[in-house]
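The letters A, B, C, D and E name the chains in turn, as written, and every chain counts its residues from 1.
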Amino acid sequence: MKRLVTSLGKVFGPLTKLGIRPQIAVLFFALLFVPLFVRDEFTLRLLITSLMFGGLAMAFDFTAGFINIVNFGFAAFMGLGAYSSGLSVLKLGLSPWLGLIFAALLVGIVGFGLGVLTIRLGGIFAACMAWFVALALMAVTANWVDLTKGNSGLSVPPLFVTIRNMPYYYTILAIVILVYILLAVISSSKIGLAFRAIGQDVVAAASSGVFATKYKIINFTISCCLAGLLGGFYAHFVGVLTPQVLHTRNTVEIMVISYVGGRGTIWGGLVAALLLVPAMDYLKGLLELRLIMYGAAMILIMIFYPRGLAGLWTSGADYLKRKGVLPDTSTVSVSKGKTGQNL
Amino acid sequence: MLEIRQLDVSYGYLQVIWGVSLKINEGEVVAILGTNGAGKTTLLKTVMGLLTASQGTITFLGEEITNLPTFKLIKRGLSFVSEERNLFPAMTVFENLILGAYTVRDKKKINDALEYVFTLFPRLAERKNQLAGTMSGGERQMLAIARGLMHGPRMLILDEPSMGLSPMNVEAVFETITRLRSGQTTIVIVEQNVNTTLRIADRAYVLEQGRIVLEGTSAELRSNDQVREMYLGIC
Amino acid sequence: GRGASKPDDGRKIVKIGVQGPFTGPASRVGDEFKAAIQMAFDEIGNKIGDYEVQFVWIDCESDAEKAARAYEQAIVRDKIDVGFNTWHSWVSVALMDIAAKYKMPHFLSFGATEIVNQKYKSDPEKYKYWVGKTWPTPSLLSIAYVEAVNEAIEAGLWNPPNRNVAVYGVDNDWGRDFGNSVARQFEDAGWTVVTREWVALGETEFYPLLNKLQQLGASVVVGSMSDPPSVSSFIKQSREVGLKSLIISDGLGWVGEWYELTGDASNYVLDQIPQWTTPAARKFKDDFAAKFGFEPGASTAGLMYDSARFMIKIMQETLKEHGALTQENFAKIAEKVRTGQLTFKDGIIMKEYKYTNDTFPDPVVGEEYYIFPVIQYMNGQGRIIWPSSWKDEDIVIPDFLKQ
Amino acid sequence: MILEAKSVSKRFGGLKAVNEVSLQVQEGEIFGLIGPNGAGKTTFLNCVAGDYRPDGGSIIFQGKNITGFRPDIICREGIARTYQIVRFFPKMTVLENVMVGVVFGSKKKVKFPERTAREYLDYVEFPVAHHVLAENLNTIQLKQLELARALSTDCRLLLLDEVAAGLTPAELNKITALIRKIRDDGRTIIIVEHLMRLIMNICDRIFVLNFGEKLSEGTPKEIMSCEMVTKAYLGETYMH
Amino acid sequence: MEMLQQSWDIIVTAILRGGLYALMAVGLSLVFGVMNIANFSHGEFYMIGSYFAFFGITEFKFGPLPSIIFAGLAAFAIGMIVERGVFNPLRQKSKKGWLMNTFLLTLGVSIIMQNGVRMIWGSRYRGVTQFWPGRTKIFTSMEIANDRLVAFIIAMITITLLWYFLTYTRTGRAIRAVSQDETGASLMGIDLNWIHTLTFALSCMLAAIAGASLLSINPAFPTMGVNPLYKSWFVLILVGMGNIWGSIYGGLIVGLLETISIYRFGAGWQDVISLIIIILILLVKPSGLFAKKGVKSVLE
């Protein structure tokens, strides 16, 4: 066992350097081959949705878990991406693929603006500012009927001519891998160091030479850009958009996934999505009871395991390392080391 | 009056206090000395129910008080002036003092206590209506001590009352302690200012890495070589 | 799980996938749907010929993505044989693609706005599995108000101070479609539209709006809101403000308990809503209330009941003609529904539910087919004032509107 | 002269926390800033480090006017600081805490930030393993960590706000030696401290603030014998 | 003349609207100030307040006022249960990441309450047509339904009582003390657990009173709490945390913004307009209109 892990460690060594976790690389590898075994259209669709939420949760965590600002309007930026991709196809005649890119860029720009808006705000005020911007966006989407068709809904052309789920599956898988790698690389780079520094103590970060504003804006821009991209995918996958896509309800859903996954980990959100979305689907028959269970589960997790799945994984791995089953390879361990007590 | 037996305290996995036992008699001034991070604050907080003990017992006036919630200890006559002062910054000096007497229901007793602390610290009487958050460091410390006296405690525990104060204010604080002592209040004091502390204390304990390593009267300790080297800086 | 396929013990089962908002913000409607469908199928002992009917309740949660996923699950996992019903138009749009993908005939959906028609017309061949709307595009119905008002004026029942009309509505697909089409129809009939006001869904505070309307002094105030708190607040507050206009509140009576919410503030208000007119309808209403403990709405539970019975008829017809209740056979029968060869005449709400090639996906609208009578409320009762052939009474004009 | 403050002022509402303070700090000296609680010492440091923008006056650092610059720019210009109440990144390891300073704190591009960070930790003789999360450290360790982070920005001028508060005499001796070492390695230091023993021991010159204004300035000896200082700050009965 | 009349209408409407926003916001602010919980289940207590008032009137045949008081007390009790069952356990376990963890807890509470109510009472609308029939003339031309006026008065009285309670009573002072320094408060002999439970329950009671006194205007249904919740957050953020009188101004400002935008831009845009203005205000005053920097308390 130990030797296997060590040799795997060698293979993944360069990846780990970039902050890409071997277990996630394995997961992606497995996901690549899923359609070979699962030919069931519904399961594929469920996986598509799960991956989509996983991607969103990762992008959300990139802000919440690193610079410690909860973008409580996150769904609206995803929705904005959906609408801008859809409308760019309908009104500008772009191909849906270009639409996705257009959406990513546009929402990235809006994220830039949001970053500028929230510069001076901290904590709950920044979260509320993002939320208010989102609510305003949603109201605009509902009211600008000439452009968006408002609450009647906007029909959006699909990405593929075929109606099978497979192409969508590989598209979203590619997007999610891209998102993960991008976020993992950034967050393990110098920029990531700056993100975490300003997330934990802005003043100390500034006095160490970190220009908080710049990194806050970079973070918002990237996170929103990815939300826009995923939103664009949503648009062309589902085929119809209503302002409800921008609803706070969806932000809560993404937030729960990312928190259950574990804050500040990037990968936690993806794993949580792959578990939670199917689980919720499985329980659909319970109607309200399902949502009550969902609420209760949320409460129990927050009370008893606030570090989420990632925390569970880490403590599990720590336990194994202590038992000597796994080699202690990490240079930067998150475990609580024994501190020396004195000079 | 207060007795601690074989106390262990940990933060998570990290044990900080190891089998500490000590005893404080009525009317004494006892100092607890120790290097930074020796666990002095931890010890006091555990006595006050702000932290939980994993092992051992604490008795106060013959009754066991181990791990009782803080507010019950206040009712029994303990009082704690913490390192961080813990004042209510958006309330006036007067309101802070009134809250000090939260456990006292008798209006007259409250008024007497107010009068007493105002004679101790005339400065507070002048600043009765100033918000605590706007007071200077020295004034805050006075307020914290005064507030700790408001419910007429039988034992007052002070954690580094002179920390961060200018020499003049330090002087004032120690003067107050001397005066309290003559007022029959038992006092436990934790200080870095070893020199001065040993001058006013009857007895002292030395805590090191969470263990009691020395104890004795002030005079004994002052002449102890180890103490002289470690704390008095005399080599 | 529910992923079971059919039993091999010779029992014949037909699985019908019913879409609806069973949880989420519109779950109230979902409750009524479910109850009405159960009423209809209970009456036939849940059997079509020797087939036992099994329901797969497909919850859309008022969300297009979730609805589509649930629908695909119902098709792939639960192996439904036929689809039935929706509530939101956007859900219809999302499901049309799924239905086309699996060639799953899907009958009689509420989702009514133009967006559904547009999608259907963009590729009728592809979307032919989307069979019929239970509710026509709103503009097809709202013309009745204009006619009712104009007829009253011509008949000398009312001499309005001006021919101005103010339009209001809830800000969603329904409210806007309705408001805009009724505005157009009033304009075509020579009226002037002085304002159009959209309010947020769930809004219950109408003082500013009503004061504005009152100052505009239009003779008629017309609009629609889909949620009862808004409607009842609007009506009550219009009395509080003392609005001196004839109020048309399309959809006031959509939920059974409307009178408990508005009280007599609803007097004189016009609505266009199916009524429990026939004995059969009233019986349904009473049975429903007795069975489920709440008042059914004629336009939700009532229409759903008709729709479910039409569905039963379709299923029976399929069995009769093709001998088995399979997806392919349902698809074949869809052709007859679309062309008007198969219609439903025994409804409690409408005279006849019928589609033709010209109207599809809308039902045929007309006095002998699908029409909502215009009614006027008085002390908790709705009395039909239009069309004249159905009329209970003439329109009553309140004193404050008389000149 | 490395730093010059020309009649720097900072107000909070009606309160003049720092009022027209002018001072000069020479290259390579240890400059003490003392005064009663609330005299404006921390506020003055905040003005120099850019945490506050002065309401009036100017601050010249190495011949460059840096008044009102952002703290991160000032840091990269070469002024680093520690805080009276320690500031650090609790969820990062000791090493990462210092790396923030190494990577972002100086104009120079550091090739191997990790190695450099370790060097600074060794420089302050940091006693704890480098992969420990900072939230698990105690006060003195945090102060050392903060010092290492400040130094890691490769500063020319170091502002220390009550680094010695709460230390025992033995620890005090260590920190005194460390401060001397930092100065001897060519850095200038401004130190704010209440501990006279330390101040008198290591400062080349001392500046006394009272109610936001200059009270006195001079060598430790001069200050000790200055009557005004005794009255306002040390107290009549002050004795060493 | 007409302009004047219209301005009066706007102002009166805004005041009536704002009063109840203020009542909601005060409760939110109380819980945030004392317990540091950003409560997203506040709207659900508004909702159950509505339900209890309905049952008070229809089942127990109370009059309007007793029904409202009944609703307040019932919500108080439920609030106590929720605090003891949800927030208290977390506090005992760990205070790390408290703000975000409790935020998620409140989301959970909100989901459970919404769906629980739907399960128990279904999603039918429960309302009464009127509490206090009739209208009152304000100024020369404007008439206002008594229900609305009384609801406003109830809100104002409740807020005043709360203010008195917090300022002058021993327990009120204890609540404020906890909001400023928990350790300090416990060192004064204050039972933190009790104060937290009390505070949360009080806040729930305020929301329930708001919901109950509007029953004749808003029938009760499971998701009715969402809108008032949003509005009270607007108010809270606009005025800054922990300021009771500020909440009243905030309520009026939000009411006024909405009313004006309805008049000027049409109904659908009210959220856009008022949100944009709130955002602009926040840009100028990042911690809210009335917030004092660095001082955290429930009452200034």
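Some notes on this structure:
Convention: a residue touches a chain if its C-beta (ideal position, glycine included) is under 8 Å from a C-beta of that chain, and two chains touch if they have at least 3 such contacts.
Quantities reported herein were computed from a predicted structural model and do not represent experimental measurements.
Relative to chain A, the most remote chain by averaged C-alpha coordinates is B. Ranked by how far their CA centres sit from the centre of chain E, the chains are topped by D.
In terms of their C-alpha centroids, the spacing between chain B and chain D amounts to 30 Å.
We define each chain's centre as the mean of its Cα atoms; on that basis chain A and chain C are separated by 39 Å. The mean-CA centres of chain C and chain D are about 75 angstrom from one another, to the nearest whole unit. Each of the following residues of chain E touches two or more other chains: 115, 118, 268, 271. The set of chain A residues that touch two or more partner chains comprises 139, 142-143, 288, 291, 336, 339, 341-342. Residue positions of chain C with contacts to 2 or more other chains are 23, 171, 198, 200. Within the complex formed with chain B, the chain D residues making contact are 35-38, 136, 138-141, 162, 165-173, 194, 196-197, 233-235, 237-238.
Against chain A, in their complex, chain C makes its touches with residues 1-2, 22-23, 59, 62-65, 68-70, 72-73, 75-77, 89-90, 93-94, 97, 100-101, 113-115, 118-119, 171-173, 176-177, 198, 200-201.
Chain contact summary for the complex, chain A toward chain E: residues 64, 70, 117, 120-125, 128-129, 131-133, 135-136, 139-140, 142-143, 252, 255-256, 259, 263, 288-289, 291-292, 294-299, 302-304, 306.
Residues 14, 35-37, 136-138, 160, 163-171, 192, 194, 229-233 of chain B touch chain D in their complex.
Chain contact summary for the complex, chain E toward chain A: residues 38, 86, 89-90, 93-94, 96-97, 99-105, 107-112, 114-116, 118-119, 230, 233-234, 237, 241, 268-269, 271-272, 275-276, 278-279, 282-283, 286-288.
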